[in-house]
Amino acid sequence: MAPPVAPATPPDDALDGDAERPRPRGLAADTGQLLIEGVRAFRGLFDVALRTVYWSLKGRREKGVVLEQAFEIGNKSVFFLTVTQGFIGMILVFQSGLQARRVVPDLTMLGATFLELLVRDLAATLASMMLATRVGAGIAAEIGSMVVTEQVDALRMCGVDPVDWLVVPRFLASVVMTGVLIFYAGAIAYFAGGATAWAVFDVQPQTYLNARLLDIGDVSIGLAKCVAYGAAIPIVSGWCGLSARGGSEGVGIATTQAVVFSSLAVIILNLVISGVGFVLFPV
Amino acid sequence: MPPRRVIELRGITKRFVDGPPVLRGVDLTVPRGCLYGLVGPGAAGKSVLLKLVVGLLRPDAGALLIEGEDITGLDELRLHRVRARIGMLFQNNALFDHMTVGENIAFPLRRAGVTDAAALAERVADRLRMVSLPGFEDRMPAGLSGGQKKRIGVARATALKADIVLYDEPAAGLDPVTSQKIFDTLRAEQREAGATVVMVSSDIERLLTITDRVGMLHRGRLIFDGTTAEALASRDPRVDQFVHGKTDGPL
Amino acid sequence: MSQASEREGLSAETGRAILDLAAEVGGVAMLAGRLLRRLAPPRLDGPELARNLHRMGVKSLPIVGVTALFTGGIMVIQAGVLIRRFGAEGLLGWGAGFATLREVGPILIALMFSGRVGANNTAELGTMTVTEQIAALETLAIDPLSYLILPRCIAMVVMLFMLTVYGDVLALAGSALMGQALLGVSVATFFNGFLETIRVWDLATGLIKSVLYGVIIALSSCHFGLTVTGGAPGVGRAVNTSVVASATGIFVTDYFSTYLLG
């Protein structure tokens, strides 16, 4: 008896996947609209973040839920990280080796400089950009499809805050797993870079393995980034998923937004933390 | 003496961003112990109305009272207290895909504080018998037919023995025999418990065999509200056409 | 699904993963070949191309702009560590500009573009595939490749290239501003250092790479969108696979192009 939800062949303008129709409007109206939407979106994100923190401290969790999510995050991304970070390590050492040879002919500090850069920034940021893609999209897709199938409404009917039930386990798992995966990804990049340095520039491993430039500032900044990215990705993606509207198309849009916005969150946090770190820990 | 009006909508208006208003000033009262049938053509706003009643959506204007308490502006935490007294079947069933059928039905009970495993299992088995699906506890929702999912949804909605139950299409996708059986069972249980029920269904003929009162939504307005007998005898051509399923008429 | 893979050994699983990968790469190559044949002589829907150019490019401006500005700022901070150590302010323009133009700018903008435009494209084509709209085009004797796919691919390549130019400019602006604010290096010093050390070739390598990344994103997003199976959940999986494949492809390509372009 249930009527079909969508006609088999949507009308012609359905070929345009973007929800908004181009309507002739003034630039001022457009900008105003964008601003209002931006403010509303930001308030929504802030609300999800607050509730995530609140329920992380306050809520009770069934055993194994967080562990399951942690496994999911790791399982999804280990292979992807290995490939991308391996190539990044090789590219960076190759590129900076070429440049450094022009300025200073000796490459003994190549490994030490690279290690410092990895710890301060690159390991965390590049791995997190990848995790934003892989993990963020997954979170938004899962939560978004629960929204459009009314499962989230059903949770709310049973007195459950969807943020507590859906976002918090992923948040806790992500904070831990992002740290672990960043460490892993950093190691892959470091050793792939070492192999390149040896093969291309003839830098011996004992010269390359040099942690002399590493100091407490680098490590603190790196750890701060691990925690901040690990927290931001599930919150931003969970918010995208919870804002999904409409049918499967809505889930698609939420997924795309999760990738874009969590990558953007990583970039913005990177600037903030790097800037603060630069001021706090003068070289 | 508790208030006689269990659900009361006063001038409820709702519109979504970028769309025409879905509900335009709906007034509706459901008295205690009444089985209220809500009908109307597709996209009339029936599902939206049910979600407004439990605070899953918020009205743009108007007031909403549950047992005399104004819930229009309540925050989510206070709404939980109100919702704990209400059972709801969603049009898409909204079964949790990551839980078995048994866990789905037990979920509202657990959240209401029932922890005794034997009592939970007993209640789940009872609900499954009610919808003629005994022994389905360990199946996953993904492996069920459309009609079976619907029936599990009904079982979950009634798990709590709530005072107020809202059903969105309890018989959609069911064969005539099963759907009549579901209607009859829900009516019998509602009578026995003295519960207040709002039921949305497009199976008008069967629905009208069990309702006390009927309301018809059309283009966002409640164009009819009265007893079942009044509905069947209504002179309003739109109600007449809809209730008797005629193809020619104003709709 | 997980049960099946648990029972199989690791080697069987790896073997299958490699076969799957080969099949997907083969699929992408076939798609590329079929598209190339439609380029000479060009058989392509003009209005459709214009529409895609507009929505893929213009709507990405804000996101690419923010990414580029912030990236420029970050590069200055990272370079700032070295500048402080060697005490050469004039090197700031070189340190930030070189890395931004050659590597970081094109890569980050491509990743953002892949998330915004590539993923959207896969979702759209995937939805059209599972609702049989593509098959419907074929029954109307309209070639989906020239009508639907080629305009999108060309639009993606062109737009990523132009967005990279735009992003490069903004990233340098971000670097100059951040250098001023955080290191006290004046904008003039920054650009003097930049102009003295950066060669046109540095800019060109980055832009050549952006074209390659555009091709990768276009092909992979179209390929995974056209081969969706399994209804709406299949579309979700395809979007995810396409974004991951694009990112992987971008890094692999970056490695080899850095090696070849020097």
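Note that the chains are named A, B and C in the order they appear, and that numbering of residues resets to 1 at the start of each chain.
Keep this in mind: a residue touches a chain if its C-beta (ideal position, glycine included) is under 8 Å from a C-beta of that chain, and two chains touch if they have at least 3 such contacts.
As the structure is a prediction and not an experimental result, all values here were calculated from the model.
Enquirer: Tell me, please, which chain's centre (mean of its C-alpha atoms) is farthest from the centre of chain B?
Expert: If we average the C-alpha coordinates per chain, C ends up farthest from chain B.
Enquirer: Determine the chain that sits nearest the middle of the structure, using the mean of its CA atoms as its centre.
Expert: A
Enquirer: Just list the two chains that share the greatest number of C-beta contact pairs.
Expert: Top of the contact-pair ranking: A-C.
Enquirer: Roughly how far is chain B from chain C, centre to centre by C-alpha average, rounded to an integer in Å?
Expert: Computed value for the inter-centroid distance: 49 Å.
Enquirer: Determine the centre-to-centre distance between chain A and chain C, using the mean Cα coordinates as centres, and give it in whole Å.
Expert: 17
Enquirer: Taking the mean of the C-alpha atoms as each chain's centre, how many Å separate chain A from chain B?
Expert: About 41 Å separates the centre of chain A from that of chain B.
Enquirer: I need the residues of chain C touching at least two other chains; which ones are they?
Expert: Within chain C, no residue touches at least two other chains.
Enquirer: Give every residue of chain B touching chain A within the complex, in rising order.
Expert: Its residues touching chain A are 42, 51, 54, 56, 76, 80, 83-84, 86, 88, 90-97, 107-108, 111-112, 146, 169, 171-173, 202-203.
Enquirer: Using the touch definition up top, name the residues of chain C that touch chain A in the complex.
Expert: Spelled out, the residues of chain C in touch with chain A are 51, 55, 59, 63, 66-67, 70-71, 73-74, 77-78, 80-82, 84-85, 98, 102-103, 108, 111-112, 115-116, 119-120, 123-124, 126-128, 131-133, 136, 178, 182, 232-233, 235-236, 239-240, 243-244, 247-248, 251-252, 254-255, 258-259, 262.
Enquirer: Within their complex, state which residues of chain A touch chain B.
Expert: 1-3, 149-151, 153-161
Enquirer: Spell out the residues on chain A that touch chain C in their complex, using ranges where they run on.
Expert: 6, 8-10, 15-18, 80, 83-84, 87-88, 90-92, 94-95, 98-99, 113, 116-117, 120-121, 129-130, 133-134, 137-138, 141, 145, 247-249, 251-253, 255-256, 259-260, 263-264, 267-268, 270-271, 274-275, 278-279, 282-283
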